[in-house]
Amino acid sequence: MAVASDVPKESFRLSMLIYDTRYRSITIQIFVLLLFALFVSWLISNTISNLAIRGKEFNFGFLWSRAGYDIGQALIPYSNDSSHLTALFVGLVNTLVVALLGCVLATILGVIIGVLRLSKNWLVGRLMTVYVEMFRNVPLLLWILLSYVILSETTPQPRDFRVTDEMAAAGEAPAASMMLFDTVAVTNRGTNIPSPLFDVSLGSVDLGFMSVNLTILAYILVIAGSVWINRRILAAARARQEATGDRPVTWWKSLLVLFGPVIALSVGLGLHLEIPELKGFNFAGGILVAHSFTALLIALTLYTAAFIAEIVRAGIMAINRGQSEAAFALGLRPGRTMNLIILPQALRVIIPPLISQFLNLTKNTSLGIAVSYLDLRGTLGGITLNQTGRELECMLLMMLIYLTISLIISALMNLYNSSVQIKAR
Amino acid sequence: MLPPMAPPVTERGVVKWLRENLFSGWFNTILTLAGIYVIWSLVTAALPWWLNSVWTAESLSQCREIVTATAGEGATGACWAMIRERWHQFLFGFYPQDAYWRPVLAFGLLFAAMAPVLFAGQKRNLSVLLGAVALVLLVTLMPASAPVAVVVLVMALLAGFIALAQVRPAMLLWFTAIYPALCFWLLWGGSIWVPVVAMLGFVVMGGAYLALVGRMGPTTSAVTGVALALVWWLFVDLPLTQVIDGIAPFALAKVNSDQFGGFLLAITIGVTAITFSLPIGILLALGRQSDMLIVKTLCVGFIEFIRGVPLITLLFTASLLLQYFLPPNTNFDIILRVIILVTLFAAAYLAEVIRGGLAALPRGQYEAADALGLDYWRAQRLIILPQALKISIPAIVSTFIGLFKDTTLVAFVGLMDPLKGVTQIVRADIDWKGIYWEPYIFVGAIFFVICFGMSRYSMYLERKLKTDHR
Amino acid sequence: QSTLEAVKARGELICGSNTGLTGFGAPDANGNWAGFDVDLCRAVAAAIFGDGTKVKFVPTTGETRFTALQSGEVDLLVRNSTWTVSRDSELALDFVAVNYYDGQGFMVKKDLGVSSAKELDGATVCIQTGTTTELNLADFFKQNNISYQPVTVADDSEAQRQYLAGACDAYTTDASGLAASRATMPDAENHVILPEIISKEPLGPVVRHGDSNWGDIVRWTYFALLIAEEKGITKANVNEVAGSTTDEEVKRLLGLADSGDLPAKLGLPNDAFKNAIAAVGNYGEIFAANIGEGTTINLARGLNALWTQGGLQYAPPFR
Amino acid sequence: MKVSDEVAIQISGMNKWYGQFHVLRDINMTVNRGERIVICGPSGSGKSTLIRCINRLEEHQQGQIVVDGTELTNDLKNIDKVRSEVGMVFQHFNLFPHLTILENCTLAPIWVRKIPKREAEETAMHFLRKVKIPEQANKYPGQLSGGQQQRVAIARSLCMKPRIMLFDEPTSALDPEMIKEVLDTMIELAEEGMTMLCVTHEMGFAQAVANRVIFMDQGQIVEQNEPREFFNNPKSDRTKLFLSQILGH
Amino acid sequence: MKVSDEVAIQISGMNKWYGQFHVLRDINMTVNRGERIVICGPSGSGKSTLIRCINRLEEHQQGQIVVDGTELTNDLKNIDKVRSEVGMVFQHFNLFPHLTILENCTLAPIWVRKIPKREAEETAMHFLRKVKIPEQANKYPGQLSGGQQQRVAIARSLCMKPRIMLFDEPTSALDPEMIKEVLDTMIELAEEGMTMLCVTHEMGFAQAVANRVIFMDQGQIVEQNEPREFFNNPKSDRTKLFLSQILGH
């Protein structure tokens, strides 16, 4: 056998930068990095000179100055004396509220439609197909505009609810009336819903940086407690099942535990509803949900639900028919089969694309501008930008916030994904 | 042997169909009734409105009078007269009316340019599509006020293509390659030499690459080619254009991009962005798959950034911020700026889609390519990408559909998209103030037809590619 | 490169306009722009090129208008923008004139039975976003210690739609805009504009900060139109006047021979203002043709009458 | 190997259609307790359909199927009863990929038979030992080879302590070396006296353990006989043709 | 069958690690031109890794590999040179599914060797005839059986006119009937004097054509010898154990 001789040490040649696998990738990367750095510095220097030319400076000080405008839907304390920063948060909360509600509703609707699309019922299957195709192939913007128009054109004006003296005398009914036992009024400017009021106020404690409303805290605590007890009940049921094979009936216990304490607390605090009432121009009392919000929510929900329906359908269809047959053959009932066999598997297929739909929905809330919904885009990227003329700062800040939201959502997605991978060889 | 028997009555005919499809079990029966109720209420709500449609009127109030006159007090009816009066704005925006043939021609030729890509290797379908294009152009060009010479020229060209499709279909790809320049020239007009000289830049790039690749290897020669092309575009392009234009002027009337609007704008933005986003998306996907850390990080950063922010903020970047990032006093067309941002947006989404396709390829394919001595770029081009792209076709097409729908968002930066921009203009007109359902329905229907068509085509493609190989 | 040079080199003027405000600036079915603001642009174009058609209009939204101007996308912004100190200083813009003195008002339906804006407590009010009206509105209600529910909308036609549908009790915007809207409503007599004018809204052309010469050109083109009205020079008679006038100021304005070269000192041809007047007419004509009484908009001159007739429009001497 | 006289499955005058297509034609057969029956026949002859009718994975339209004294009708209770008496092993195993082997085996006993978990796990381990893969109990199906998966599928069925086992081509998706593992398991089961109906083309298996071989063609039972007779003296021409193909293979 | 003294592959003192795991330990071997070597050994012993090092699908960390006079270093040019000299056939064929059989075979000659298309196609048809599937030239890989696919893979490698062929268990993914087709092709190749390194457990093949059998275990070459000696007189205990398992199978 031949004996290997020592490899002579190679001296470094310039051509090795390109032809040697060890250096080649480093060369390319340094080259790319250099280009990138050049590009970025070019952008920055342009920006600096442009700012100079326009006599502007780059700072975020304006965020602390008075906003001066009003926002129709402010879920955190806000008035036109608040700062632009507060306005930003009002917008952010508005964005998140629509996004969150939209995700929940779109998921519910999407799952229902996806399942119905698979239904053996010919008519329903066709209807759902029409629904899905219609929403998937027409721009979201159109649905937003359309639902806004529908809401504001087909609903009565507040004064249609008014009963004038003559009408009362003549025993005539007003042109419009409230719904749900006279608690909800849908007018062409919004939906007035009752708001909860308490006879007993628990007050609030000031923690310095923020004040905590004790009533809300009490509710949170009670609900958390109920949920915890309910979980104990279920755990006990499971333990019993494991020990004896018999699963005790728990649904009434759960109901009791979940709703009993909350009801008790409400009664204790003297909860009652403040029903909206027609006063002056508008309904007063209760909570006004503006149509810009409702329209945006409806359109986002319907639009995203069409996509979710497709995801759900694909997820369920991805599960081999053999799985349910095997379950049936073992004597499992269809309901159990769904719960124990089909859903756990389908969810793994469904969840990743579902989350990216959530991501899309969240980003699409920015179209609220079409119906003048004052979300982040409407406050920070709209009125604030307009009144202060700080487009560079406002836009960058806005992108950063959207980016953060998206990254958080996708981080959660990845976490979930890696935790549910089916093990394979 | 027993002969086969017909199934019992319960297994046959309408009864069985109804029983199985509509009334199997109480739950299904409820669903069916609910479905019928939904259809009924939709029909009763909308039917009178449709039936009372008015097709000719001068203004909305006239429409309403006609409806009241024909259908009685309080009746509602659609006022399609508005579409009849203003349809050209929904389709073309403010594009000069005597030049409508130019976008029509550009759009028709788009299909001729796509044909060899869509129906690679299928002579019959290819000819059918080309024939259809010729037919459609023949009937639309004249009403769109095209000069007769143009019509004749176009027909001759298409006839040539159809002939070529029988012999050397691959040659048609050359038309595909020059189409972008042709389209640009048709739409924006101006001297023909502008696009021609600009396209020569690509010739320079390709020529340099081919000349050098033997000596310097693909990467270096590609970089050199790009650099030379850049030099061409930055320094040679403009003077050369002026010189040639001085010698042989040949121009179409210039159209400014602020005259673009309606579906012309949507399609221009959509098609351009789709065309350019595909190669960028591929590069980004390859970069993201690369094992070079810096390249990978940059690509991931770019993709995640673009995907993390709403398109509307990118559009605002185009209209508000790009001016900050570019050297002082550079100023270019807002449509172009929007197209650039939309392209980057689509590219990031495509990159993710294509990455999925790349990841789905078995490692063996890479190894086999390596073992045969193919270098990285050849392996990608010949082995990996054709397969990865094929796998991702459905996802790519749905990205395209999404992109096309998203072109409506340009309304927010003051461009005249068909949905909000044109509608708003029309409604600013005193005659049509107060109209809202009709434009939405009209525009929505057109979007639906286009997007639905695209999704059906992708299904067809998927099926076709499957039967091809297995 | 100064703006004037850039415009000349380009061969056309680029004006930032509204996306569509009837009477002030809106394209018609063929894409031709017309309106009160639009005519001022045409006058500037005529002053520079001698041709009022060498102008391109770029529609801008409330949000994009100032950026478009700052970045040089448009040379001149004539889009009913209110002159405020913050816009003048922080945005680095120059307001060069006031071509329309306006004030913010309210419109309500007659049957609401409201006669003063102070009775609007609890009302829902439609406002266009991206304007100074939002701030004025907030200030007004705060001062009077009453509350309101704002409904922000993106543009005038949408605001009107909402108002007509009853989605808001009152619509607030510049009084001129209100009048214009009211004029186009099918049932104009059912709507009233309330007497309160809650703000001063001087609207005028805007240019970039830092190019005073360009500002001067726009400003003096505008003044030339005013002087023309003062002196009775109209689109129709401008050539005739040029031949026969003995008024020294008119001679200087029209750039007649041996009257000096004042227009040229601005960098314009000597007959610049003659061309401008010939292209669009004098201020009064523009007003009357686009928004004045007799048009659908039907606005009275009011504050915008010449100073000689008790209004505020007053041009410095042309000498 | 004992075959009692008790009837386990009784099928009489059964017909089934898929739409217009008559898949099973006038099937009559009786299976006694402890009998081991192999069903064979060309592809598409309705073997799988027959087997699947027995635990009502498919519905029949005419005739009667009585399993262990319970008639299969639309009555859900009867169906449940039959299904918990009858175990089934599929060609493609159909294990639940999201559950471990042990969970696969204990799922049905816990939820259907309501057996305590501990006990169910003990039973499961017992049967897993029987099919010789107790050490895989905590792995997931995706981590096992095909032969091992099929043995798990058998164990899973056994855990329900069925009185009848149905097999639908249990070995045809397996590599040759794995077939033996599975057949060994089945033979062992047969030796313990389990009533078995098995669709298979493994003629070796048929000869070794079957009491009776049923030959189907075009939805009919063409011939049934003892294995020896069946292979050596097929009566019908159809059978002869089929056997010549199978054995020549 | 001629074996020249010219050295085709020379490996000396070669070591390779995967992370911390020492896969190949001090490999020394010389392959002469025309030699046919069979490599065998238990699973995980590093056979594939060794083969893949020879055309640099894997990088080695220590020692020297010289193929046809070219040392494999990090220099891309050398790697390219070696790869175009060395053909490789994989266990799973790795044909390109989107190209026809003919395109599979002409791709590398056209793009790497820069041979005109016509000529490349002629060569390809020549080798396809050689592996006895010229009539499949215009089909896609997915339409062929495993054995045919593997023969295409061999033809594809041959089209590059390599001087050395590497085979990594070319028959182990095939059904028994197809194995023979592929082995026949390989034997034919061997008879023409191609230098071959073949990882395989087909001992029949080894006995028929190999000049030398190399036995690997735990990353080391444990024994190498002529086939006859190797099978009849294995020296090391490890080899004996291995052979007893293999042959008993």
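Should a chain be cited, it is by its letter among A, B, C, D and E, assigned in written order, with residues numbered from 1 in that chain.
Here is the rule we use: a residue touches a chain if its C-beta (ideal position, glycine included) is under 8 Å from a C-beta of that chain, and two chains touch if they have at least 3 such contacts.
Which chain is which protein? Per UniProt: A = ABC transporter permease subunit; B = Amino acid ABC transporter permease; D, E = Amino acid ABC transporter ATP-binding protein.
No experiment lies behind these values; they were computed from the predicted model shown.
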Original post:
Going by the stated contact rule, which chains contact subunit C and subunit E alike?
Top reply: A, B
Original post:
For subunit C and subunit D, what is the smallest step count along a path of chains that touch one another?
Top reply: 2
**OP:** Kindly work out which chain lies most centrally, taking the average of its C-alpha atoms as its position.
**Re:** B
Original post:
How many degrees of rotation carry the C-alpha atoms of subunit D onto those of subunit E, rounded to the nearest 5?
Top reply: 165
Subject >> Label of the chain whose CA centroid is most distant from the centroid of subunit C >> reply: D
Subject >> Most widely separated chain from subunit A, with each centre as the mean of CA atoms >> reply: E
Subject >> Euclidean distance of C-alpha centroids - subunit D vs subunit E, Å >> reply: 45
Subject >> Length of the line joining the C-alpha centres of subunit B and subunit E, rounded to whole Å >> reply: 49
**OP:** Can you check how far apart subunit B and subunit C are, centre to centre, with Cα atoms defining each centre and the answer in Å?
**Re:** 40
Subject >> Contacts with two or more other chains, residues of subunit B listed in rising order >> reply: 316, 320, 323-324, 412, 436
Subject >> Shared interface positions of subunit C, touching two or more other chains >> reply: 63, 67, 70
Original post:
So which stretches of subunit E touch two or more other chains?
Top reply: none
Original post:
Where do chains touch, given as pairs?
Top reply: A-B, A-C, A-D, A-E, B-C, B-D, B-E
Subject >> Contact set on subunit A toward subunit B in their complex >> reply: 18, 25, 28-30, 32-33, 36, 43, 46-47, 49-51, 53, 116, 119-124, 127, 133-134, 136-142, 145-146, 149, 153, 359, 363-364, 366-367, 369-370, 377, 381, 391-392, 395, 398-399, 402-403, 405-407, 410
Original post:
Any idea which subunit B residues touch subunit E in the complex?
Top reply: 362, 364-365, 367-368, 370-375, 378, 382-383, 386-387, 390, 468-470
Original post:
In the complex formed with subunit B, which residues of subunit D make contact?
Top reply: 15, 17, 19-22, 25-26, 61-62, 218-220
Original post:
Touching subunit A in the complex: which residues of subunit B?
Top reply: 20-22, 24, 28, 31-32, 34-36, 38-39, 217, 219-220, 291-295, 298, 304-305, 307-313, 316-317, 320-321, 323-328, 401, 405-406, 408-409, 411-412, 419-420, 436-437, 440, 443-444, 447-448, 451-452, 455
**OP:** Enumerate the contact residues on subunit B facing subunit C in the complex.
**Re:** 61, 85-86, 89, 93-94, 97, 256, 258-259, 316, 319-320, 323-324, 329, 331, 334, 412-414, 416, 421, 424-425, 427-430, 433-434, 436
